[in-house]
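First chain A sits with chain B, and in the next complex the same chain sits with chain C.
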Partner chain A sequence: MANGESTAGSDAPAGGFVQLLTPDGERVDSVTTADGTTYSVDFTDDEYRELYRDLVTVRRLDAEATALQRQGELGIWASLLGQEAAQVGSGRAMRPQDMAFPTYREHGVLYTRGIDPIMPFGLFRGVDQGGWDANEHRFNGYTIVIGSQTLHATGYAMGVTMDGKTGTPDGEAVIAYFGDGATSQGEVNEAFVWAGVFNAPMVFFCQNNQYAISEPLERQTRIPLYRRAAGYGFPGVRIDGNDVLASFAVTRAALDNARNGQGPTLIEAYTYRMGAHTSSDDPTRYRIASEVESWKAKDPISRLRAFLSKQQLADDGFFDEVDEAAKTLALDLRERVLSMPDPQPVSMFDHVYPNGSPELDAQRAQFAEYHASFEGSDH
Partner chain B sequence: MAETITIGKALNHGLRRSLEEDSKVVIMGEDVGKLGGVFRITDGLQKDFGEDRVIDTPLAEAGIVGTAVGLAIRGYRPVCEIQFDGFVFPAYNQIVAQVAKMFYRSKGNVRLPIVIRIPFGGGIGAVEHHSESPEAYFSHTPGLKVVTCSNPSDAYWMIQQAIRSDDPIVFFEPKRRYWEKGEVALDADLSGADPLHQARVAREGTDVTLLSYGPMVRTALDAATAAAEDGRNLEVIDLRSLSPVDYETIYASVRKTGRAVVVHEAPGNIGLGAELAARITEQCFYSLEAPVLRVTGYDIPYPAARVEEEYLPDLDRVLDAVDRSFGW
Partner chain C sequence: MSRIKEFNLPDLGEGLTEGEILAWLVKVGDTIELNQPIVEVETAKAAVEIPAKWGGVVSRIFVEAGTTVEVGAPIVAIDTDPSAGPLPTDQPGPTPSAESLAAVEIAPAEGAVEPGLIGGPAPGGRTAVLVGYGPKSTTAKRRPRVGTASVAPPAAAAPAVAAPVVAAPVVAAPPPPPPPAPVAAPAPVARTSGPVLAKPPVRKLARDLGVDLATITGTGPLGSVTRDDVHQAAAGASQAEAAAPAVTTPAAAAVFDTSREQRIPVKGVRKLTAENMVASAFTAPHVTEFLTVDVTRTMKAIEKLKERREFRDVRISPLLLVAKAVLLAVKRHPMVNSTWSAATNEIVVKEYVNLGIAAATERGLIVPNVKDAGRLTLRELAEALNTLVQVAKSGKTPPSDMAGGTLSITNVGVFGVDTGTPILPPGESAILAFGAIRPMPWVHKEKIKVRQVTTLGLSFDHRIIDGELGSKFLRDIGDFLTDPEGTLLSWA
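And then the complex of A and B:
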């Protein structure tokens, strides 16, 4: 067994992680971890069906984005394929007042925040660098430098405490997303230190998708990642990252602990990146097909579909309708991506400084004058 | 009422006034609380404003600046202290990749009104990493503004202006001049201070323009005094703002004197002096009597303390450059 892959942590539940829905679609009533915490969910039939709709929708939108990239309409795409349950479960676990700090792969979390899925496409198409209002959406900008956002999240969470917005059930909590590779970054470890000593209302949500581009987990760690939390003085929990119920239950509990003033939690969502790191990557160079096949059997969507069918909570009519609705959304997304206007070149000078700069104003004017000099010519 | 105080004390007063006037201002750094900072710039502030306003942080510079980003997103106005110039590099990623770019990345939706204070420069007999002048790295980075003070009055006003500004600002403090005294009008209104990004003519003259900033302004002024005994009338400009540079003040001076000498402690290669020389050459070509000359640190790592006096630009090296300018 490779380093980091161990399921034998003395504090781990049976099976090595919290799982409330098996790959075969069997519900596990509840899971109690070694520290005595019991995790469970209490969803209505409608809520189960809506989770299924979320999973199918974010996968369909992701597939559309991959297609757009292949057709040359996006410069690059970072697919979430395989990680839908980790993202939808944790995203739906957030309350409206909570704040998320994502990486560049959190399209599923973004969707569950009720944000128009078009929002990050400017970045991937190359018409802007993101450009949204973090506070308006309670969802920060996609962060590309690995791990940097964990410190931003922790500082924000310190501010929540300073504002007196913790210690009650309606307090605020903050969630930082990152991957297995990021856990090697100094900044992520600094974020753990800070969150610990300041008792910040933080959830560190690590999607361990087994690869940092080409490098496997054992190049990042000797121990299961969730166990690192102990060294920083807060709880760490490993969940079946392909189980949307476990992702919801554990994240909801961790966020509620944080908002109640009980400090940070590290959640390791044990999952798998079914696709490439990004559209520029070729995973056949570093992993074997049988490994991918074994993870297909643990697919997050098929297990929830199996559960809904077995429990007679949904029929083919429902599944078809969900597929159709997702397709409609995806085609609408495609249309809107294709109609995104290229930015005016002179706009590259916008928003460098809140208070501007005379030097930059002069450069902008020169740029505009230079371009104007070609007007009417064939250039 | 004007008081005669040191640069260090002036910064302390400026920080105190900022904490008093805006409850969102927080100071964060290593040893800034109980100890009052290794240079005592934050002396007494934690006692008066509490541990939530003046925060002793864990010992990690990326963490200081990275969490400041989050606090700023939350609506705070963090003032980060980096203990010494040579310790800023662990925070370099956060400063250059995050602080500088967030406003741009977010199309103006996310402002980071962060001030990063860094004591800089040599001349204090210190060990490695305690005497560097890293201002060019930050001045080269779009999205950051960079300023430095050279006297108590500027220290007092500029730190307050920097904290009030919504731009992210790297604020270099001339550490070997911390104990130099000057008059500061502590009760005056901030609106009466010179704009933050405006250069100042520190001494008027007609023959050569000396361009300097931070700790080298004192050196340039001393050189001007010495040159006056030889009948040369040197104009000294204190840049104050290194990004953006107030070029109009510089051009006006060089068009008058026809000669310019840039003085800074940082290595000359690809330094601020190179940019100043290029700009002056472009804009004042027909006024120049000689090429723009530079008096800088050498292109070596900052040397051991026992030889630093030979490394740092001093009065003689500045006067030598003035002579060479006249020799053209």
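And then the complex of A and C:
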């Protein structure tokens, strides 16, 4: 693969992108980019339907989380609204042995890894630090610091090569998620350099949602982001980030290249954040309503639904059932979030050192004693 | 668990302490579903809709729209099981308890925590965090200590002020944690050898408070100087100062009658206006020039326009022609439509004019702008201005309408005054004040006649615009208003 211009998609930005499903739900058979790589998908009817279910489910869970934040049950929430296709497509393209390095917005990727969606809620509710077992879930911790996970991922990917786990069709690949704003960070550029030079089995998956909080894309770059890859010596491809099929096809190809020892790829998923950056943000202060409206017409879910209907792969009964199932999951999630236990104050000493330290033990004892001096203490 | 549940205003955005109820989307007696939007709340960060936390029937609304509410205060009560029949009469509707209303205490005084550190205070009682404006620091409500009287000592009282140390609470059974053990009257003791041991934040504190570390006996580990040591030393010094006889006494008691003073909290549009004005007035060196012009022909031109079919259903005011004059003059002097970019050391000259119109609204002064006004026909401009003003008066101007202005007009004439020296909206380099139009004696064709006259005031940023350019720009606006048809032809 080389730089992947493509002419597909009348709604494509200048330079084109890989699109296999138009906003109207028309299936594009395959797309061949300027370097001759052809992308397509070959899904069964069931697989199409399950992709639809994924999209609807992650959007519904996200909406529940937004409501929980507004109700005072989460300190903050970073909504993925509008970016479901980029996340679900790339997430489903991963194999079980692959490792993902997310930002704090990859709830859709987390879901497609088969992880209980409650996992990150302790972090957003403030009852834990989000310290889950990255190896067990093949899903690293949510990284709040912008772009730093790309370096963690690249180092991890270099380790995969050193362990001899690449170079075969069943090799291991690593995918790092980040946004358009992160591309201006030093870490991301360092990660590109190292991944390129060491031929690391990496996929850099950039969800370009057009805004780094309030800063528009033109403040990040003078050229389309995917073309940056050329300067680091590996291929860059831009996809329609609202097309779950393109996201799946291109990510799968890039991951396969990586696991086969062919080195990194940059994927720019051209999408739009329909909501606020986080629940603390007011996007009407920096975006105009007509822009948001124009992206509504490119919605990732409605185009797949239109496709399923036109192809008679699904009827209203199916769509209603998916909605109902997603709602049930969301309400279950709500109940479980509301019943998350508050951590004990002394638990903050638990994970500082593996085996503690005399000073830490003294601090813990002193702190426990202090707490016991209040009425109503149970320890 | 009671079937009536109170919903308290949550912290909607990382450390906010209050919000204004903009509008209720439901009323008492309405049946609502879980997550149904029930109220719009505006905070310092955003206006948001809050979804219902429970389904049921709205049994009480505690605060009316327009009220500012503290985080933690109840705003609505919901009967979560209305099918169970009416409530027993002896169970009155919930009242906001004093405790919940006072759930949030005020922020500790600045300086109580080490400033400048992440988590430490920043100006305005905020806390420095990694990204964005941080939360206001608040102190949590504490449970009483075991075995103490009901009056709990204030937690974390500002140490700098607490010179007579608060009596340590009597602790019952467990061995009491050693009290802070203040060194009584820390006598300055010069250290005999070696450097003074103190952590960097303590050194900074000492420097900020003007305390010489070498004069303090450290009570910390290895004899290091602690934060308390520094505060004690500082308090000792200020007590000494206070003990000195007062040098001056007020000559006469000033007359204050606080009952006749009204205190208006500065917030919302007023706060924003103040910040913008201060930022502009102290960043951009303003110059203001005035020009008095005979606008009789402009007034006649307006009458003529009104008679034209294509303008029949649109409101035409002198402001429209002033706006047109400004837009045409900008074309002749593009430099006035620019921004001083201190960050990049550039002057950014804009080829589009987002024309701001200052509008007085009930919520205060706002300056929405007509986007790309230079491209509009006169008729389109008239419509855009009318819409802008109407939306502004209704209080619904979206923030995006107020962003991105490049040049502005303030129509002070509507208040019956002649002109003013307007302050530049931040980021803009010129603003025109347009005064009242009055019949005045005026020399016209060598004779004194009664003519329609107004005074224009143009403020500009002298970093970008010199007197010559500002004068030419103002002169052109004046020329147009003096003779719109003739000017149009000669500029064409």
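By our rule, the second predicted complex is superposed on the first by the 358 of 379 C-alpha atoms of A that agree within 3 Å, B and C clash if a C-alpha of one lies under 4 Å from a C-alpha of the other, contacts with A are read in each partner's own complex, and residues count from 1 in each chain.
In this text, contacts are C-beta pairs under 8 Å (C-beta built on N, C-alpha and C of every residue); 3 or more make two chains touch, one makes a residue touch a chain.
Computed from a predicted structure; not experimentally measured.
Superposition of the two structures on chain A shows chain C clashing with chain B.
In the superposition on chain A, contact of A:70 is made with chain C only, not with chain B. In the superposition on chain A, contact of A:135 is made with chain B only, not with chain C.
Using the contact criterion defined above for the overlaid structures, shared-chain residue A:373 touches chain C, although it does not reach chain B. In the superposed model, A:360 makes contact with chain B only, not with chain C. Contacts of A:187 after superposition: chain B is touched, whereas chain C is not reached. Of the two partner chains, chain B is the only one that A:197 touches; chain C does not reach it. In the superposition on chain A, contact is made by A:287 with chain C only, not with chain B.
Within the superposed three-chain model, A:223 lies out of touch with both chain B and chain C [touch as defined at top].
Judged by the number of chain A residues each one touches, B leads among chain B and chain C. The contact surfaces that chain B and chain C form on chain A in the two complexes overlap at residues 145.
In the complex of the two chains, the chain A residues touching chain B come out as 101, 128-136, 140-141, 145, 148, 150-160, 162-163, 186-187, 190-191, 193-194, 197, 350-355, 357-360.
Of all the residues in chain B, the ones that touch chain A in their complex are 26, 52, 57-58, 60, 62-63, 66-76, 78, 90, 93-94, 97-98, 101-111, 113, 142-143, 145, 165-167, 197, 244-245, 247.
Residues of chain C touching chain A in their complex: 7-14, 34-35, 45-51, 53, 130, 132, 142-146, 171, 174, 177, 398-400, 403. Interface of chain A with chain C (complex): residues 63-64, 67, 69-73, 75-76, 145, 213, 276, 279-282, 284-289, 331, 366, 369-370, 372-377.
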